[in-house]
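Dropping the structure in here first, questions after.
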Amino acid sequence: MEHWLAQVAPFLSHNTIFTPATLAAYWGGMVTTVQLVFISLVIGIVLAIPLAIGRASHRVWISGPIWFYTYVFRGTPLLIQLYIAYYGFAFIPGVQQSWFAFFINNALYPALLSFVLNTGAYTTEIFYGAIRATPRGELEAARAYGMSSFTAYRRIVLPSALRRALPAYGNEVIFMLHASAIASAVTITDMTGVAYNVYAEFYSPFPPFIFVACLYMALSFGIQGVFRLAEKRLLRHLKPA
Amino acid sequence: MIDFHGYGWRLLGGALLTAELAVLSLVLALMIGLVVASIKLSRSSVLRGFALLYTTIIRGVPDLVMMMLLFYGGQIGVNMVVDQFNSWLGTNVFINVNAFMAGVITLAVIYGAYMSETFRGAFLAVDAGQMEAARAYGMSGWLAFRRVRFPLMMRHALPGINNNWMVLLKSTALVSIIGLSDMVHIADQATKATHQPFLFMVPVGLGYLAITSVSELAVRWLRQRYDAGFHTAKRGA
Amino acid sequence: MKKLLTVSMLAASVVAGAGVATTASAAGDNVRIATNVPYEPMEYTKPDGTLTGFDIDLGDALCKQAGLHCSWVQQDWNGIIPGLMARKYDAIMSSMTINDKRKKAVLFSNPYIVVPSAFFVPTDSPLHKIDTATLKGKKIGVQRGTVQDDYVTDKYGDDAVIKRYQNADDVAVDMSAGRLDAAFFDQITGQSTLINPHPKKYRQAGPDLTGPKKYFGDGFGIAFRKNEQDLAAKFNKALKTLKDNGTYAKIYKKYFHKAPPAKDDS
């Protein structure tokens, strides 16, 4: 990174806004954004698969609470969820002395918590929709082979459902990338946060905000490309011949 | 406790602002969506190119960044245009871009792009024979659009519009970050003043849930209306 | 469809109307002054929402003296200089320190008050002396885009973690939640925002800082667009009069409970 900056530095010397220092800050912001989104998505998936199976259950005491969770988290703005996670635990008396203090003291943890629960809710619904769309015959065939419902889920339902969920999940990934911009509202210096700092320093809105807009666009198109490739490989069997 | 430490009325005012913001931007977004969808279906490849560029950019950039760009940069952009006219006409006009307007326009520009995709798909889903039949009845282009194409299209567009509306409604919360006094902004201020986040954030969250639930019902009613004449086994499935 | 069209027309006209209705000339006798709240005791709102503070009282007095018709506009701090340049208002009176960086963008009046900056910490904090060694790894809260932000970023940015906030209240909230090790404010603002409400909880760490000039400049000034020399001159003249006739001292006493410093070279 440093080496690369040294190369670019002469080109930037005549320009006040895109200095090596601000470019390094943008790079740092991008790393933060990507980390935040990636970790949220991974934990979100781990959470969503069992929840989606539970949501498809016939037992109301299993599917009901899961429905309620996705209803609440999809029906309210992520910003509110973020504020509740960020401020909610901060004013509990004595929390600073408890083991929980690590969670309060680093803004990344409350942000991660709210992002994970939010993307978890959307992903649960996406997977649930895909599970429900499994052709009945596939399940019946699996049962006829004597598979337990666990085996049938593992071998038959989930592999095909998760593939079918791929396009919708691709949208969710991009949605999460864009939604992560609000992390800047709780002092996290993500890409948007850096643009905000640069704006406050140089009094000029266009260069920083257009620049991060381009960065977000590049990331979005990268993600879209990856998902398109994955769809091509994994969904080949669904294409009309 | 009941009066929310004196913030009760301001919270209600904030809720009203949220509702105004959401409804105004929805209406504008629907207009933009219809226009852009027709452009996308038009024969001019130049216009189609612009429409594609517009939707591509919007889908690649976070709402919040777009909002900051238009909110902080909007005044400068408007000034540049107005000053150009001022120097031509020798006038001294100044148009102030206030926060509410910037919020409405930003949301409309963003969700107009998504709406245009919804409308485009819905127009394409309308059976071409229906329009041919309308023309055969001697309806003018506008009349055929109004009586046949639009209602048929709406049947296909409603689920998409509903989806976009839900996302738009939740996006209104972002205007609190750029300083508009919507209900999230006031709850945020109150939280900081009283150190009681749950007292303010939870009711605001419930407010959003209430609005989404009510509009869910409204959409169900609308769907029944536009589904008239399509009472197949669909409902039961 | 017709209904939809009517509603959309209505919406469009509301939005357009909101804009054009507020046409205004940039100067004349009407002066719109921007300020950023809360920043006690310089500018803040009372519970009922009205503006008050040293800047507000002094600004009103200056306008009266200069025969100008002034109105106040609340503006977030990050957008306050761009907003001036974009002519959303004609002046900024908001505890803005006069320094070289800002002078490149705006024109300042003569300084109307000189205020030092200071670090504030929880009473039981180990921080007493402030330097790169003691601040290593510590989290410092500042208001984004202030002179305090520039100073700690340049001086301690490599050692400490700088957390930037929208306004002084946000910093105070995270101080009380224990998320910050120190806050860096204008001394009087730290005093009124942190210490006065919770005298047992917070204390000042280290001395009042007034230099280096690169950051802390020459005190607070009223900012104007660069081409508004006439307007700046009117305010400078009014400021001189108010200082001579005792009005300035009266306002100063109201907010700082003491007489203004005698030596004043403005």
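Which chain is which? They are A, B and C, in the order written, and residues in each are numbered from 1.
Heads up, the rule we're going with is that contacts are C-beta pairs under 8 Å (C-beta built on N, C-alpha and C of every residue); 3 or more make two chains touch, one makes a residue touch a chain.
Molecules present, by chain and UniProt name: A = Arginine ABC transporter permease protein ArtM; B = ABC transporter permease; C = Extracellular solute-binding protein.
Every value quoted in this text rests on a predicted model; they were computed, and no experiment measured them.
When C-beta pairs in contact are tallied for every pair of chains, the largest tally goes to A-B. With centres defined by CA atoms alone, the chain at the far end from chain A is C.
Per-chain CA centroids place chain A at a distance of 24 Å from chain B (ABC transporter permease). Centres computed as Cα averages put chain B (ABC transporter permease) at a distance of 36 Å from chain C.
Shared contact sites, meaning residues of chain C that touch two or more other chains, fall at 78, 82, 85, 173, 176. Among all residues of chain A, those that touch two or more other chains are 87, 90-91, 196, 199, 205. Among all residues of chain B (ABC transporter permease), those that touch two or more other chains are 72, 76, 195.
Residue ranges on chain B (ABC transporter permease) touching chain C, taken from their complex, read 6, 24, 27-28, 30-31, 72, 75-76, 79, 92-98, 100-101, 104-105, 146, 150, 178-179, 192-193, 195.
Per the touch definition, chain A reaches chain B (ABC transporter permease) in the complex via residues 71-72, 75-81, 83-84, 87-88, 90-91, 174, 177-182, 184-185, 192, 195-196, 199, 205-206, 209-210, 212-213, 216-217, 220-221. The part of chain A that touches chain C in the complex is made up of residues 87, 90-91, 95-96, 101, 104-105, 107, 187, 189, 196-197, 199-201, 203-205.
Those residues of chain B (ABC transporter permease) that touch chain A in the complex are listed here as 57, 59-66, 68-69, 72-73, 76, 166, 170-174, 176-177, 184, 187-188, 191, 195-198, 201-202, 204-205, 208-209, 212-213. Residue ranges on chain C touching chain B (ABC transporter permease), taken from their complex, read 1-2, 4, 7-8, 11-12, 14-15, 18-20, 22-26, 47, 76, 78-79, 82-83, 85-88, 169-170, 172-173, 176.
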